[in-house]
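Following are the structures in question.
Shared between the two complexes below is subunit A, which pairs with subunit B and subunit C, respectively.
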Partner chain A sequence: MREQISLIGSGQTRFSEWWGKGIRDLMDEAVTSAIDSSPITALDIDFVIVANMLGERVNDQAHLGAIASSLLPHRPPALRTEAACASGSIAIHTALSLLESGRAENVLVIGVEKMTDVSTSEIAAALMGAADAERDAACGMTFPGLFGLVARRYMHDYGLTRAQLSLVSARHHRNAVSNPFAQFKSAIDPESVTESSLVADPLRLLDCSPVSDGAAACILSSKHASPIRFAASQVSTDSVSLTERPFLTSFPATKDAAERAYEEAGIRPTDIAHIELHDCFSIAAVINLEDLGFADPGRGITFYEEQETTPTVNASGGLKACGHPVAATGIKQILDVSKQLQVSGQRYGLAHNFGGVGATCCVHILEHTP
Partner chain B sequence: MREQISLIGSGQTRFSEWWGKGIRDLMDEAVTSAIDSSPITALDIDFVIVANMLGERVNDQAHLGAIASSLLPHRPPALRTEAACASGSIAIHTALSLLESGRAENVLVIGVEKMTDVSTSEIAAALMGAADAERDAACGMTFPGLFGLVARRYMHDYGLTRAQLSLVSARHHRNAVSNPFAQFKSAIDPESVTESSLVADPLRLLDCSPVSDGAAACILSSKHASPIRFAASQVSTDSVSLTERPFLTSFPATKDAAERAYEEAGIRPTDIAHIELHDCFSIAAVINLEDLGFADPGRGITFYEEQETTPTVNASGGLKACGHPVAATGIKQILDVSKQLQVSGQRYGLAHNFGGVGATCCVHILEHTP
Partner chain C sequence: MTHTPASIARALRSRSAREQEGEILSFTTVTHPPARFGTAARTIGLIALDDGTKVMGRILGGEPAIGQRVRSRLRLSHTTEQKLKVYDVCYEVLAKKPAPKPFPGYILALTGPSGVGKTTISMLLTTTVGDYAEKVPILTTRELKKGDEQEYRQVTAREFIAQMKRGEIVAATKIPSSSEQRWYGYRATDIEAIWNDGKIPVVVTEMGLLQGLAHHYSRRSILSLGLLPPGKSKRMMLSCLLHRLRSRGRDSEESIVDRLKNAERDLQFFEDRRELFDHVIVNENLDTACSNIANHVMELAKS
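Moving on, here comes the complex of A and B:
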């Protein structure tokens, strides 16, 4: 990072089904918490970036930058970013460049999604906007279907069993029990995952992150310091359509973004104490651990076979148990890594967020200096 | 501007009804032209920013950053920005910060919209995403309705006549006759505007910019120089809902962005030789000229009563005659101002693009140094 940029405020709603709240209410709640937790006032915010994927289609509301700006008394300049499920982390990346450019000193970043107001089939169709409409959606694929293909191929290549894969969601649910912001605070055993309804073979219902409403917000500053600063922010892109991929069992955009992030931070994977990674489906968590450099190909599941791991993985509960209000996820991950570092006293944590089947990948590294 | 940032490549499709082309085809055509016109190769592009408003809803395609990145052989990092009809200029602003931050040296910016694949009622509903869904759309307003209120109030306050207002679209159509990229290259007389179908009193069909398909692309560089550099880039935000505005006959976000842009460039309005401004509806052109500092309140129409003006206004034909594929407009304006400066040999030109009823406003000032 060219500039010293700190995380000086953060807040979120619980991720849940918020039928009584609108997209503006969710943003307001997260923003108020973020400002209250920071050393600045609302008037010190000089730019607002809103991450959102589905508002135009599901909530009849685009132009969320200006809507969010109106939550503040002085209506600072604002814009919206989108990169499917990576919208939140791409907003963080955009905010960091704005701060590094010197055009702003305190940027409010908000991720919000209100998904539960429409039917399951409508939300499934809307989410397919993250895939390639001409090449993947047109043949009838859904996102569970795309990741089902990935899981089936991974099992074929590496011998991963159904029983092993079930360890992933069980662990994430166990971790979420103590997270007050998690959608599901219930422990589940691996057998429940294996026995849950079949969604897209081999993936079962409890392999899939849920449909959620929620917002997360943070304030990044080049003017004010805090114990948590950004050590790296990297984005990488791959083909959106699976039809253009030479293989399905690894996501090169994760590898590329992670390698560049380690280089930017001047560290190695072994320096990372906490990871929040993008487990939209259980198989993704296994592959991400390999792509991020923490396990050899085919060995990611070992993290879930051990009771305690270094680094910790999705100690928050991840997307599966915390919920996945799409664009809020990338920001909520930053909040969770920050909290974990402050509790453990460790130095480095990593947030990994992707859109589509690993087509846009962002890796952020946070550094804790008490 | 902290860095010297130049416009080193540009290209666009004709704005039209492109029923035989998809959103990817339109982007590809504009991107190929932009790269061909530049001193660099595709491989030199290190970031892609796509402006788009309606893809998720109208084309079933979000995640357009990654889709666009795949048009290039090395798939550089990418993201999408959105701020309703100001999506294009907000993408330029984002690209400039990315360049100023030092994170990129050559950024490809693409604006694209494919609007004609759905019915008029569906596109009208989708466009209302630029307004406030809870406060403006819920009561049945459309965008022509919102600007109809603005026009009616302006006529009441300042005595603007229907015959005077008709001069605006007539001038824009006259200007477009020689623009090969314009959707409507036909001259129309003011009487035709006055006699066209009533859409939202007092606005007639020929007061309204059309529904269009198209893409525009440009390459901004901090590494390579060109005769056209960015002298200022400013964004300002107002309430999205008209219910929160103290008056309707001026858009404070335009005034604020313009004042800050003149200050950033170190110039005055009288230094500007060419303007491309956001004439989504004829009345907007009149008000924008006042808000940008070129006419006193109530006097903007004088620009259309004179045959030749300094500065020139919408010499391209503007949104009315060039077409308005929403997110492509803000980028196409930059391309037009650049061309006009290179033809006239003048020094400064201004592009003004807004979203909603002036809720997000961007002003860019280009400097020509032959």
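Moving on, here comes the complex of A and C:
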């Protein structure tokens, strides 16, 4: 980071099925609480970035930058980012670039997704847009199916059992019980994950993050300081199609982004106290822990076999239990890591967010200096 | 969108490339496939085809398993809203798992449009790294010209086809020209004799021959080098080739026109099937290109 950039305000809606709220209502709620929590007024915001993946297809609404800007009295310049499920963290990365360049001093970043306006089959088809339309989707593939391929190969190569994999969602649900913003504040046992209906063999319904509505917003500033500052922001990409990958059991974009983020922050993985990682499907959480450098290949599941871990993993409940309004997730993770650091008093936390099957990966490291 | 008539037409173009045998890398059964594919659960696999490419496709029948062999079958995939029937390549699980082919050895393949310098470079290689590499003679049905004896073995078309039917020719291609149909191919015995000498066979190929060799000996046994003429655009590359073909003075103007037509197709092949090439080398300077390739030969010889 070339500048001292701090997180000075944050707010979010609860992630849920918000039948009575539209995309603008969700944004408004998150933005209002972000501004209220910050030391600045709405008029101090000089740029707005909105992250959203499915607006055109699901809500018949493109052009979200201007809509978000119109929520503020002075209509600052605005743009929208999209990188499938990584849209939110890409928005943060873009905001940091604007701040580093000096083009802006206080940037409002919003992630929003309104997914429950259409049927399940329509939302499933829309989400498949995160994969390669010609190489992956043409044979009738679905997005959970892609992770089904990954899970099958991982189980074959490393001997991960169904019972072990079920620990992942059970842990995330347990963590969400105390999170007021989570979509599912209910604990589930691993057996109910194993017994839930098949979605894409070997993945079952409770291995998959849900369809959710929600928005999250934060204000990043190079002008005002706060105890939470950004120590690193790195993006890496990989082929969108799985047919172009040399292997299925690791996501090189995560490895690359993480290694560069540790270097940028000048720290090692052992310095991290809290992680919020992208568990769109249970198998992804296991692989991400390995790619981020916290476990050897094939050993990621050990984090879920132990009761307490250092660092903590998805203490918020992750995507599985908090809900996954696609583009809001990357920003919600930053909010959660900052809260966890402020409660624990620890120094470093990491947010890992990816789009597609690890095709765009963004890693942020936050530093807490009380 | 993957279900519009235009996108289906595009997919059909790549269909023949997917019609190969292969091996299952992973598979899943999607309980609820996208609406246009009907309501039945669909088993889909990631398949490593024998030429080294990977594809995603529906798996038919049997109990699939990772590592199992599959062969391609053309089946009705779905019917579109416009009542168009879409057929797609599916993969049928082979009941018996055939023993994997033993790794035969490396082959160095040079591919490129006519006039790019494949023959010159392959000849130079046999002098610079002659202890390690040897050129494989090309079997052809065309009339030999002066200086061709070293490079080609001429047979009649009848004999060529007979050898092909007996499986003695591992890769063959038919190159059209305005006057006749010409066959070119490589014999297994020629390639294996070079291996037996402890050397690396060097073959000059075009798309048909390269794919044939990759299919017969497996893609990983081939170090595939693409040779391109210098030039930023396809038009500049073609004009460079035209200049070279004219200045070497071996071909009639009519034959040069034929060769240029084929060259245009070859350049397109480079773009479409990039995965078939391990390295692409621009032949701007003969010495540089040649020593670059000689280095690849030495690396192979060491391994």
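Criterion: the second predicted complex is superposed on the first by the 370 of 370 C-alpha atoms of A that agree within 3 Å, B and C clash if a C-alpha of one lies under 4 Å from a C-alpha of the other, contacts with A are read in each partner's own complex, and residues count from 1 in each chain.
As a convention for this text, a contact is a pair of C-beta atoms (placed from the backbone, for glycine too) under 8 Å apart; a residue touches a chain by one contact, two chains touch by 3 or more.
Everything numeric in this text was worked out from a predicted model, so none of it was measured.
J.: Counting only touches as set out at the top, which of subunit B and subunit C does A:186 meet: first, second, both, neither?
T.: In the superposition, A:186 contacts neither subunit B nor subunit C.
J.: With both complexes overlaid on chain A, does A:125 touch subunit B (first), subunit C (second), both or neither?
T.: Both subunit B and subunit C are touched by A:125.
J.: Let me test your reading of the model: by the given contact rule, A:134 touches which partner, first (subunit B), second (subunit C), both or neither?
T.: In the superposed model, A:134 contacts both subunit B and subunit C.
J.: Taking the superposition as given, does A:237 touch the first partner, subunit B, the second, subunit C, both, or neither?
T.: First partner only, subunit B.
J.: Quick one: classify A:41 as touching subunit B (first), subunit C (second), both or neither.
T.: neither
J.: Once the structures are superposed on A, label A:199 by its partner contacts, choosing first (subunit B), second (subunit C), both or neither.
T.: Second partner only, subunit C.
J.: Could you look at A:369 and tell me whether it touches subunit B, subunit C, both or neither (first, second, both, neither)?
T.: Neither partner.
J.: Does subunit C touch more residues of subunit A than subunit B does, or is it the other way round?
T.: So, of the two partners, B touches more residues of subunit A.
J.: Can you give me the overlap between the subunit B contact set and the subunit C contact set on subunit A?
T.: In subunit A, residues 125, 128, 133-134, 137, 244 are touched by subunit B and also by subunit C.
J.: Considering only the defined contacts, which subunit C positions touch subunit A in the complex?
T.: The contact residues of subunit C facing subunit A are 1-2, 7, 10-11, 25-35, 37, 42, 44-46, 53-58, 66, 77-78, 88.
J.: Please output the residues of subunit B touching subunit A within their complex, sorted ascending.
T.: Contact set of subunit B toward subunit A: 2, 22, 24, 48, 53-57, 59-63, 65-67, 69-70, 75-84, 90, 93-94, 96-103, 125-126, 128-134, 137, 234-240, 244, 355-356, 359-360.
J.: Show me the residue ranges of subunit A that touch subunit C in the complex, using the header's touch definition.
T.: 121, 124-125, 128, 133-142, 144-145, 148-153, 156, 197-203, 241-244, 248
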